[in-house]
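Heads up, there are several structures right after this.
Here subunit A shows up in two complexes: once beside subunit B, once beside subunit C.
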Partner chain A sequence: MPAITHAPVMRVLEREWVVWRRLWRGSVFSYVVAPVLYLAAMGLGLGDLVQKGTGDVAGVSYLDFVTPGLMAASAVMMAAGESLWPVMAGVKWMGTYHAAVSTPIESDDVYIGTLLWTGVRTLLSATIFLAIAAVLGGVPSLWGVAAIPAAVLGALAISAPMVAWAVTQESDGPFAVVMRIVVFPLFLFSGTFFPVSRLPDAIEWIAFLSPLWHAVELCRGATTGGAAGANTLGAVVLHVVVLGTWIAVGVYFGVRTFRRVLTQ
Partner chain B sequence: MSVVEGPVIAGKGLTKQFGEFVAVDGIDFQVEPGEAFGFLGPNGAGKTSTMRMIGCVSPISSGGLQVFGLDATTHGPEIRGRLGSVPQEDSLDTELTVYDNLLIYGRYFDLPRAEIKRRADELLEFMHLTDRRNDRVDPLSGGMKRRLTIARALVNQPEMLLLDEPTTGLDPQARHLLWERFYQLKRQGVTMVLTTHYMDEAEQLCDRLVIMDGGRIVAEGSPRELIARHSTREVVELRFPHGEARDAAVPKLSTTATRVEALPDRVLVYAHDGDEVAAMIDTHGIEVESMYPRRSTLEDVFLILTGRSLLED
Partner chain C sequence: MTAVATPRRPARATVLARLVPGGVGRGSWRVVERNGVAYSRQWYVFLTGFLEPALYLLSIGIGVGGLVGKIPVGGGQSVSYKEFVAPGLMAAAAMNGAVLDTTFNFFLKFKYAHTFDAMLATPLRVADVAVGETTWALLRGALYSTVFLLTMLVFGLVESWWAILAIPGGLLIGFAFAGAGIMGTTFMRSWLDFDFVNLAIIPMFLFSAVFFPITQYPDVVATIVRLTPLYQGVVLERAFVLGDVSWILLVHAAYLFVMGAVCLRIATNRLAPLLQP
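Take a look at the complex of A and B:
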């Protein structure tokens, strides 16, 4: 019976799993320590000041406001980094993508498998993040569990187009530039630390393009139980559709760039 | 091993184009089961492009290509499942262990883990890597990485092995070890297709080969046939103390020798019998610095057919 477990794309996921199993120790920091540091600094430290100065932000305490922002942001930032250098290793530095496509694996499987692995990793990291945040008191609602798929969706929305682009590059030179001038500003200005309504009108629209903003809104709606963020069905659907569109566009280009680069 | 009716590979008018550039220009060839078949030619002759098409990682531009009797355009994954591919670049997971590399690759063929483990132990033994089984790949020597890449290509017990420049960049000892392994595989009935720009490698390994130049096949046959057909039995390499001695000698040599090739650094005199050339040099009083008689090789065949050396770029 040709079960899903025999699908070639599962073999690509399995490869990532074997790699991760050998090297997971290096990621403990980004999974556990980084969330604690971020939540302590922004949620508790800065949050205390904000609370005393301006009071609630968007109707909730600053800790409740910033926690889902940090959760979505850490998922998206991690996915962005994972979508660049490891892709260059696969296509150039080690050439493991080329090894894969000389077996029954197809270039589409390599792309989709890479993307799914980002999903699996984000699922893990977002779950850990949420658990830590709940302990620190930043997750007032049980709806908060819904923030996990929202974070995964945000990660896939940034990863799909970035992986599609990264595979076409001849060197990793442009990667640092993209992280600095695209990803890092997204991190700061996607409603992570303050509502996008505080942005000048002229650039507020950029936030609406940012996958991170949509993920933040979904996460915030979930962890606050609708007190802030996406709290209507219409808003939730809109954010999901935008993130889904980013993924669809990324996949459209990704299967093509992978085919062009790996099977020219 | 399944029985293949007819040729294992049949290429007809096989062409590969990259934009305007024609890398492979309508070649016809067949590879028979159990054969060791070579593509010999300089860099840029179209050997690797041909191998990538046979390996079903690069679509053909035009013409026809059948592998195991299946159309390469429509049966890629099925054909690749029965092939062992050794690319020019090792493409190993260098952060992982030797064993993990075999495991991952074996899983790409959907082999059960227990079966991969069994085969891995055998293959590591065969490739003299058993004591490195649990070591990371990164610090291994070039020869070891190559052996691991070949072990990896054998994990699915392929009916045919594709070797693209299998010993390029290796020292002589490492090359000889690989050649010896290839003989063993051949004895086991594995069809082998290899590319090389080393004429000694082609002579050692190939039952039959084609010489490629500029995307075309310029000659085809066994190494011995090609030499007999296109070259003489012996060649005398002459070096001269200065240019005038050389220029004076060439016309005199041309009167008796079958063929004279004046290269920048030496003159090659093709003759049935090298001793006759030596005698002629004596009787004509030709001034030479050194004289080295040898047998004709595929390098000579290539030079005669194309006017260029195999190792030129």
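Take a look at the complex of A and C:
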């Protein structure tokens, strides 16, 4: 990745920042209000039913179990949405990508800059989420801070391949389908709301491919201080390697698809 | 040949048509027809939507349900969590579908694609557009409700024949939220205002007895939840699917019907000056 060391990629990041600085108010709901609502409904409301039912899940209370799941899911889902329609806007609807490459900025810079921006936003949203969750009592361990980079890693792992693919599309028609048959099932079956071991074996393999599952396990290991989720060095390394692989594969294709589409 | 000889019958007034001022003829059906043709190119988007109920029921119903014990549903009865949550999810799906169609999609046609300006350049009137778009949202909703019910049947979650009524129940929920969606959209200035849509929908989705009974709330909160439109829909669908039917359901149904009718009327009145200044 030669682009990162050069300045042009920072110009791409700066452009996103300038736009966001004017529009950030719209994200207050998804950054602050939505986490409170989801944690209250799933962690406390549904959690109460679970405590009366099976009791603890995977050795921790349901609130402690679902909090890191929701944290990782919110980062990954937000990144997935940001990796489709805004990319179409950049390459077709508004043409900002073409505007960028008509300057000394190269197609690689546009791709890497887009990813970095997703990283920055996820860093912010995950930090806010963790703080709110801690206030609501869903983060029993100080190790929880390590869940922030885990959530960012998960967001990049889904964003890198999706952005690489989205830029090649002629219209946004397939996006709704991808959200429905790829992204949405990941949300429901990646160990967010219940352990994947409860799934039929045939479906369980989806979870092992899912970047979200690996991010959830890392976050869960962190916020519970190793009581659940990834709690051995081997497990942590494995999850990080899988997420890193998704990012690497995404970047490999992304650099190429962006070059093909933007330099014609 | 006979079709040519048949004299044109006067437009049939539907119940929906009487609710909006000016009277509505066949024009609204032209709007429905137009949407049908436009969407027929995206049939695969429709088709993937049919998977959604199965995914929800597998994940929340069976996955989460395995962690939760029996849920009391009144009258000393209790049911398994998957039986409890399935009709709730069905009601929520009817709401989400109607809102999506009448806010995001409606706004896109209204402000950007200028679809309505094009429609009004023909003999169609504003009321035709409002009623036509609502009818379209309802037809889609009916299709999805039917698929949802069939999926529940396959999962063994349907308790009685009353469950058939969950389809018109879903339609009523769709009508109420479609009316509210179109009315709300007439107040929207830009895409940024759509955060208000999420602000209204997500709390209702999470707290209107879809996922857990309102007996878990303090009294004040429970009373507030009882007043929300989605709660009416959840009560209705759950009663039908579990076969626990009583006259009180008419009150919930009336709430949804009046909400849809009033909103649609306001929407039509507001749309007229917006579309024909």
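Quick note on the criterion: the second predicted complex is superposed on the first by the 258 of 264 C-alpha atoms of A that agree within 3 Å, B and C clash if a C-alpha of one lies under 4 Å from a C-alpha of the other, contacts with A are read in each partner's own complex, and residues count from 1 in each chain.
Just so we're on the same page, contacts are C-beta pairs under 8 Å (C-beta built on N, C-alpha and C of every residue); 3 or more make two chains touch, one makes a residue touch a chain.
In this text, all values refer to a predicted model and were calculated from it rather than measured experimentally.
Of the two partner chains, subunit C is the only one touched by A:41; subunit B is not. Of the two partners, subunit B and subunit C, it is C that touches more residues of subunit A.
Applying the stated contact rule after C-alpha superposition, one finds that A:96 touches subunit B and leaves subunit C untouched.
By the touch criterion defined above, A:257 lies against neither subunit B nor subunit C after alignment on the C-alpha atoms of chain A. In the superposed model, A:57 lies in contact with subunit C only, and not with subunit B. Contact with subunit C, but none with subunit B, is seen for A:198 once the two complexes are overlaid on the shared chain. Once chain A of one complex is fitted onto chain A of the other, the partner contacts of A:23 extend to both subunit B and subunit C.
Residue overlap on subunit A between the subunit B contacts of one complex and the subunit C contacts of the other covers 23. Chain contact summary for the complex, subunit C toward subunit A: residues 42, 44-45, 48-49, 51-52, 55-56, 58-60, 63-64, 66-69, 71, 81, 192, 195, 198-199, 202-203, 206-207, 211-212, 216.
Of all the residues in subunit B, the ones that touch subunit A in their complex are 18, 55, 57-59, 76-78, 80-81, 83, 85, 87, 89-97, 100, 103-105, 107-110, 152, 156. Against subunit B, in their complex, subunit A makes its touches with residues 6, 8, 11, 14-15, 18-19, 22-23, 94-96, 98-106, 262-264.
On the side of subunit A, the complex with subunit C involves touching residues 23, 25-26, 29-30, 33-34, 37-38, 40-42, 45-46, 48-50, 52-54, 57, 62, 173, 176-177, 180-181, 184-185, 188-189, 193-194, 198-199, 203.
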